[in-house]
Amino acid sequence: MTAQPPRLGLPRWLTSVWTQAALIVAIGIVIALIPVVQPRALNLQRLAFFVLWYAIMATGWNIIGGYAGQISFGHSAFLGMGAYVSGVLWYTTKIDPLLTLPVAGLAAAAYSFLVGVPTLRLRGPYFAIATIGVGEASRLFAVNFDDIFGVTLTKGVTGLSLPNYDAETVHYATAAVFVLAMLTTLWIRRGVFGTGLFAINMDRDAAETVGVPTARLQVLALAVSAFFCAMAGTLYAARQQFLDPASMFGFDKSIALVLIPLVGGLGTVWGPVFGALLYSAGLDQIQSASRNPYLPSLIYGVLLVVIVLFEPLGIVGLLGRLRAPLGRLLRPSEGAP
Amino acid sequence: MSGPILVGRGLIKRFGGLVAVNGVDIDVDEGQIYGLIGPNGAGKTTLFRLLSGVYAPTAGTFELRGRKIAGLSPHAVCRLGLVTTHQIVRPFADMTVHRNVLVGALFGRLGLRGAAAEAEVDRVLELTQLSAHRATFARSLTLARRKRLEVARALATAPDVLLLDEVAAGLNPTEGAQMVDLIRKIRDSGITIVMVEHVMKAIMSLSDRIMVMDLGRKIALGTADEVARDPAVVKAYLGERAIA
Amino acid sequence: MRLVEALISALMVAGLYATMSYGLALIYGVRKVINIANAGTMTLGAFVTLLIWQATGLDPLLCVFIVGPLFFFVGALIEVFLVRRVAAQAPIISLLLLFGVLLVIQAATSLVFGGDVRSVRPAYIESVVKLGDITLAYNRLAVFFSGLVILVGLELFLRNTFLGRAIRALAQDVEACQLAGIDTKRVSMIAFGIGTALSGAAGCLLTLVFAFDPTNPFGVLQLKSFTIIVLGGLESVVGVAFASFVLALAENVTVTLWKAQLENLVSFVLLVVVLVVMPGGLAALLRRRGVA
């Protein structure tokens, strides 16, 4: 099954919602302070941005994919949607992109209804199949948008160059969105909503018979998920100041959003963060070391197969396995049967 | 023991050319245990699925306390106070017993929250004798306990009517007797029960009224004794030659 | 005349579409999982064909007879060592696993062959056949007839051999098959093998029609084949053939009447429409009509 609760056997105070929430906020503050403490470490700032960026999106993906067990191969659609909504608003009306974060989020959530309502009520692999189409169709739509409507807004494949924007401000905003995403996912995981999603994940019919409104919860989960991916899009627009359909709506982004939660720990709160850390840092390392653009893809594919076969809970699962022997090492007396 | 809580009229369900339920009327009085028996393929399970909202009837109406529920989705039916258990038990395998039951309490008719939900889970676990296993993952329970968990999860939704689909099937005599006890306790707490059962002993001893179905139709209705003596029932179960 | 031309040109493309989708339907039938690695094995099929053609000059159509059996083993191995191990878990897990296989195959192909666009051009590539006013490209005609032969062969196999009937029975009811003494594991393995062999064969045929690199046009075709099996009702071989034609025709009409860039959007729109309007696909629609 996709979604076993991790059995790490951590002390209760550490796993309580309040401790976890405090931990999230603390991590957010520490990362936010990077430009203040290390104003000239631009590489570190860049790395921090992309780790958070992937973590935000993967956390969003995890809500529908990990919690509800509906795998999406097309989440780049929501990323791209958010990026373009903010980007276009920015250069046409000069509205500060960070102010349009919620607009981008809501636009993508609305878009997710169009996708989710017809496909999520069906059984079986329909949703997963449909999302592949959603990603590709969204990209084509973005490429041909100007053509179809006879306007000049997205500038098609050439891409959209945006005005300059202060990277430090984006950094703080990114840390804030990260904290918001993590608190949301924690709240869902521990609350009624999450319990319903896990029930759906394990047996949709059984969940339905004991009163879980399965269709509504899944559609809602997809909307929340799309909301965060779109906000990540806005952040990207503000930081990189260039958007093009191939990178924003790219299938490689959708793949990354499947890989990251899976590597980190599907259906767990912290899995997407671990995954994003490994993915961003790993991607940089492998790419600069090998100079071969295909090697990372090969490694991630192998990693995916190995994880599915041997450790469905990813890094979180591995940590759980490590903890038992580690604990025995620290407190040998308890190890005796 | 007031009037009927559950009234079905002219229920029909067709699958392609096959008529699984063919014009059945059903009246269940509040506080009763209502048994449903019949040979294989008689349409019992289909009738059950009509009642619980899994299937929409091809024709006919069905009311719970005067509210039309035919054609509603299962979760809506559950929230109106009618809940069903599955013939093949379907616990949430990777959740603990406690969390399985909690799902029922959170999403059931009362939509309990926080401490109230926990209290209800404790009560139900106590009633179904699963308190000792609350932290066990459902997939590692024995069949008898999984069947009780199925009942517990349904009970936690605070139903007025509980539909039990072969909850005694596959149990050994001791476990079967425990289940019969449990069903009686549930009835005594004021919940109306409709049950399908192959284990004749269980259903005959428990039911206040029994409906016998064959080939999608109701062929007899009455107390256990009345039904057992009914020639149409004997014929349906034993075939023509037993009569001759 | 335009209509006849559109129909014929749709038929030509449908041959390829159908060949690449039969395998998906077959594998979905026995394992109830969408073989998302299908595009990967198709890629591999195309590159193996390229290798054979470069080395020996063997016609891509004849390469089918080498690639097919070879890929049967590849598919059987994937089933035995990967898919079978997670068969007891949620279908999503198999989907993710096969997705990993897809990434590995595509990345490995890129590593070996590089990202350049390749093509296979036998001597007859420019030849055409004239039927009255209608001109048909010889290569497309060849691909169409290959698709037709494969369809007929597959249908005959599924209907008239014990193994074929076992595959169809398994698609309907696993437990009944076990009770009837069918070795379901072996049948699944063989079905997976045949499904993969078909995707490999589609790779061979594809080289005659398209230029290709390790990811293109396989990604686009992937989506099309999903649309086709959903439209065809997931498990029916004849449904697949019919749905392939419907999709090819819809694309053809869109390109002719509207915009060429939107060709690939058609499959997605069709997919959503099918999901909303007739979840069981064409097969269910036909069944319902037949019964009522």
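Order as written gives the chain letters A, B and C; numbering starts at 1 within each chain.
The criterion applied here is as follows: a residue touches a chain if its C-beta (ideal position, glycine included) is under 8 Å from a C-beta of that chain, and two chains touch if they have at least 3 such contacts.
Because the structure is a prediction, the values reported are computed rather than measured.
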Name the two chains that are joined by the greatest number of C-beta pairs in contact. A-C
Could you tell me which chain lies farthest from chain A when each chain's centre is the average position of its Cα atoms? B
Which integer distance in Å separates the CA centroid of chain B from that of chain C? 46
So the centre of each chain is just the mean of its C-alpha atoms; given that, what is the distance between chain A and chain C in Å? 32
Expected list for chain A, residues touching two or more other chains, is 1
Complex interface listing, chain C residues touching chain A: 32-34, 82, 85-86, 89-93, 95-97, 99-108, 110-111, 115, 219-220, 222-223, 226-227, 230, 259, 261-262, 264-265, 267-269, 271-272, 275-276, 279
Contact footprint of chain A on chain B as seen in their complex: 52, 54, 73-76, 78-79, 83-84, 86, 90-95, 99, 102-104, 106-109, 113, 153-154, 156-157
Per the contact definition, I'd like the list of chain A residues that touch chain B in the complex. 1, 3-5, 192, 195-196, 198-199, 202-203, 205-215
Per the contact definition, I'd like the list of chain A residues that touch chain C in the complex. 1-2, 69-71, 73, 118-119, 122, 124-126, 128-130, 132-134, 136-137, 140-141, 143-144, 147-148, 201, 251, 255, 258, 262, 292-295, 297-298, 300-305, 308-309, 312
